[in-house]
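Shared between the two complexes below is chain A, which pairs with chain B and chain C, respectively.
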Partner chain A sequence: MNSAARHPGARRGLTLVELLIALMITAMMGLAIGSMMTMVGSATGRDSVERTALLRAHAGQVRLRAYMDNALSILQHDKDTQATVIWLYDKLVTDSVNLREIRLLTVADGLVTVEWVAFPENWSPTMQDAADVVLPSDSDFIAAMAAQRALGQTKSTTLLNHVQDGSWALSAASPQDAERARLTLTLDAEGSPVQALYAFGLKDHTIPE
Partner chain B sequence: MHPSSPRSTAARTRRGFTLLEALFGCVILSVTMLALGVAVSAGQRASIDSQKAVLGAMAVDDMLAELATVPYASLAGYHGFSQAVGAIESIDGDPYPAPFWCVGRRVAAVEQEIDVPSLGVKVRGMAVIATAFDEVRDVAVAEVFIPEPAE
Partner chain C sequence: MNKLPNDMTSSPRPEGAARADQRRGVAMLLALCAVATVTIVTASYVASRESAPLIGDNALHNVVAKWANTSAGDLAVAALETGLDPASLADPAKFMDSMTVAGADVKVSVTDANGDPPPADATEVVVTITATKDGLTSTSQRIVKLPPQEEPVGDALDPELNEFGVYARSWLTVESGAVLGPWQVCPNPLGDVNVGLGFTSDSALEVSASAGLVSTKLFVPSAAASTLKARIGSGGFAGGAVLPDGVPLLGDPVPSQYATSTVQTLTGLILSLSSRLLNAGTYQDLTITSSKVITMSGSPAFYSCNDLIIENSGVLLISGDITIYVRDDLVVQSLGAIELADASSRVRIIVTDDLTVDNGGVGVSRTVARDANRAVWSAAYIDPSRVQIIGLSSAQGGTVGANYYIRGKSVVCAAIHSPNANIDVSGSASLAGRATADVLRVRTGSCVMVDASLNKQTGFTVADGPLYKSAGVLKDSVATVLSNITASTTIADLEATMAVAFATDDSVKVEPVDGDVTPRTADSAQSTTWPAAAMALEEAAIGGSTKGMLFDVATLTASAEVVE
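Our next item is the complex of A and B:
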């Protein structure tokens, strides 16, 4: 006499085979759902990294645009170092470039930076204006900025970080004739680089004397 | 009277799932998997849409910046200018990198007169509208008014 017969009201449990099959099906389902969730998580993580890189690229574009679209001219561009000097405004002597009117844009050490001449604050306005010399249009503006840097008379700020590399392309052979410029950047996005291109237009383009 | 045998009692207690129970199980599993799939798909679509919006905004800003250097007399020639999805390039012909391949852009340039009653002046110029789009819809629009230069 079996147990069911001995206890007519009792419910029969699962046999070992049934239990094993049920466990196997549950394990397979769990594995399938788990691997799907892992794939989705990985894809979402990658999307999130790319989205963050794109938002950074957009922020960099807005910051650079404040300089490039308002610049009067691209004074100098060094193809080797990708250093670019722009003439941001013409305040002191009309149509002439003064030291404080230029900005040096560099793509180096993972950063896009802008540097400008800032004389000591304890100098009087007269002293500052006297030191703010006119630079001829064929000057080595990059060297002029380096000289001021050596004297501790420059300031700089970072426009964009986590940059792997960048290169400029100008709309004319001579930088001072270029009305448009493009900057192609490769941004580091946790191992998967994201490329961006910024196009700028110098709407108030002026060739310095 | 025939007393029930042990075999027939055991057969009665070995009851499997009914068809209805099995169907309920299948329906619940399907609905759960479907909901999961829809949620994942919607999340990915939202992520792609937000990326397109950022790329579109960058592309239209670039277009307006470049058009600002075009002589006023030539601006009208850009009305109807269009670059297909995946084929956008700068005015000087530099192709945009891979992330921008999901958007295209077009330009509308229409003459406009802006009345400024407080100053008593009317300014004639060109409204330049740049629109970025994907295969389905517009993802970003930007507009700038370029006044007609004085003679």
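Our next item is the complex of A and C:
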């Protein structure tokens, strides 16, 4: 007759060894599951970050192409600051660059921004056209934009953020002769840099007078 | 061992049950939990992977939409190269509607720069292309120039020189603070302002360094001094060229209707008592005053008078197709107005002597004319060719050196062609349209706003146009007609000569493109892209006004925001 039969109210318990073994197994299983979930979570999170960076890069491509696809010429490029001035359209005086026709693209402070000349809205169209002077092809367009900025007559918007670095490569020594351009951006994906390459062709390339 | 009936103790349990109790534990539970966890994690991981293909699909559809857009734009330009006049379409806004290109739904509209249906024989239109593939839209705009390719020489040679925004035979002055540029509300605000000169001396061209020359091109005679030729493309002029000899500067003859028109009065008429319709015919002095509205009506109808004076808020209302022969002076002053009754009305005023518009309006509504603070941008656009002011030919009595004064903040919307007149625009006045004069002076604070749509891009200013057989060399027939012009030749004489001389011509110089396609003429539609998406981004960034864009901000802003 066993102890359970002799003592109807008592149940056989676990020995210490059995308990320890069970605890160890439970702990190992929990550790395994936990590490697996952590790994999957981090992988998913990394994928999400990379996907976000990819989407951001794609958005940047769409916005940059809105400018570069229609650009007539790259007027000026500063290798030190990577500031680039493009001739976006030719409206006022044919074959000549006017103030409002240029755009300044800069990569700085984590942003890719575009800046343009915008005269006060209370100016009449005639006044605006009169102030929209012709810039000779050998002008310092970056300085011209800076001058307008000093007058408070420019506006800017961000094309892309979380940008660590950027650099332009042109297909010709002289920016105005370049018919193709490549922009390399390093995007910040939560500590992991992601490089994006953008190639542009100026299909309506025109050299200004 | 059998249990006694009154034994209150529990029966001993079988050995198997006792072992089962001893084996009770949490292993199964743990295993179930582990399986459930793994299942959940796996399912979520798989679900997250499903979005990656969708992202790829979006990128693919974006590319499809973009290239469908480009293809549709090229197709639209090719359609315009066939000579199709977009104004002839029932709805140019649906130039192509719900067409499928490479699986994308494409819509193309053709409009003018303001988004309105293009006028007949438009020389520049805006083509807007929208391509949609699975919810992703690509929108672009192109500016398409449509230089007439089959313009008969007779139509290309315009005796009234509408291809020139201003033409000055002897002198041109644009003072500091004066403006000479395009009229922003005309159908072609992007067009050039052609400035033609009939003189050869550099000193006769006085343009202040502080004058507002906008989109102007300078055209000088072949015999011009080298210093004058050197000003082409400089000093505010963006370009230009040398004109051939013989640009005609002619006036109108006395209208043929004058000889047979009914004589209405033998004395001067002061119309100050009541507004009424004036019968066609010949009058002496006509004065419209005291806010009365006098209507000249008919299609066509001829009126003649000695002096025509409109003053003190009086209104001359033009209804229909009216010709007015002013045998002396035309005066519009003191809030007076010459107003067109409706969109189909037009007037041709032949002036013998002087013209004065002082604190009044011509070609504008009475509301504008009666506003002493009026300005050209307060006037709605009208086609200036609907208000023609023509100087009478000097050979038929027109005054040489007649004075045309536009002053006192007056607004004149008209096409003025008076080669013998001295036109002086001063006192913050505005002339919207065009002008031909002997002497033209635009004073400080005044402006001449040119309607570039009057230029059909086929005349003397187009070196490879229908008038030329090679660059800069006129066709023999054209040169012959121009060489036969004398001091007594009138516009009507020249038009009659042209009708005979240019009865057959070979204006078409560009050969159609051959092949198994609809015949079309190369370069008859010249397209340049407009950075619509960039403009939409900028407008959305600063608050979404329509300034800076051709039109239709909403669609383009929406397509830009899809990217976010």
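By our rule, the second predicted complex is superposed on the first by the 199 of 209 C-alpha atoms of A that agree within 3 Å, B and C clash if a C-alpha of one lies under 4 Å from a C-alpha of the other, contacts with A are read in each partner's own complex, and residues count from 1 in each chain.
The rule is short, and it goes like this: a residue touches a chain if its C-beta (ideal position, glycine included) is under 8 Å from a C-beta of that chain, and two chains touch if they have at least 3 such contacts.
Keep in mind that this is a model prediction, so the values were computed, not measured.
Applying the stated contact rule after C-alpha superposition, one finds that A:L55 touches each of chain B and chain C. Of the two partner chains placed by superposition, only chain C is touched by A:A130; chain B is not.
When the shared chain is aligned, no partner comes close enough to touch A:N122: not chain B, not chain C. Residue contacts after overlaying the shared chain place A:S171 against chain B, while chain C stays out of touching range. Of the two partner chains, chain B and chain C are each touched by A:V40. Of the two partner chains placed around the shared chain by superposition, chain B is the only one that A:F200 touches, whereas chain C remains out of contact.
Contacts of chain A with chain B, set against its contacts with chain C after fitting on chain A, overlap at residues 2, 4-5, 8, 11-12, 33, 40, 44, 47, 51, 54-55, 58, 69. Put simply, chain A touches chain C in their complex at residues 2, 4-5, 8, 11-12, 22, 26, 29, 33, 36-37, 40, 44, 47, 51, 54-55, 58-59, 62-63, 66-67, 69-71, 88-96, 103, 114, 116, 118, 121, 124-126, 129-130, 134, 155, 157, 159, 204. Those residues of chain B that touch chain A in the complex are listed here as 6, 9-10, 13-14, 36, 40, 43-44, 47-48, 50-51, 54-55, 57-58, 61-63, 65-69, 90-92, 94, 96-100. Across the complex, chain B is touched by residues 1-2, 4-5, 8, 10-12, 33, 40, 43-44, 47-48, 50-51, 54-55, 57-58, 61, 65, 68-69, 169, 171, 179-180, 182, 184, 194-203, 205 of chain A.
Across the complex, chain A is touched by residues 9-10, 12-13, 15, 18, 21-22, 25-27, 30, 34, 37-38, 41, 44-45, 48, 51-52, 55, 59, 62, 179, 181-182, 184, 190, 192, 212, 214-215, 238-239, 377, 447, 449, 528-531, 533-534, 536-538, 541-542, 545, 547-548, 560, 563-564 of chain C.
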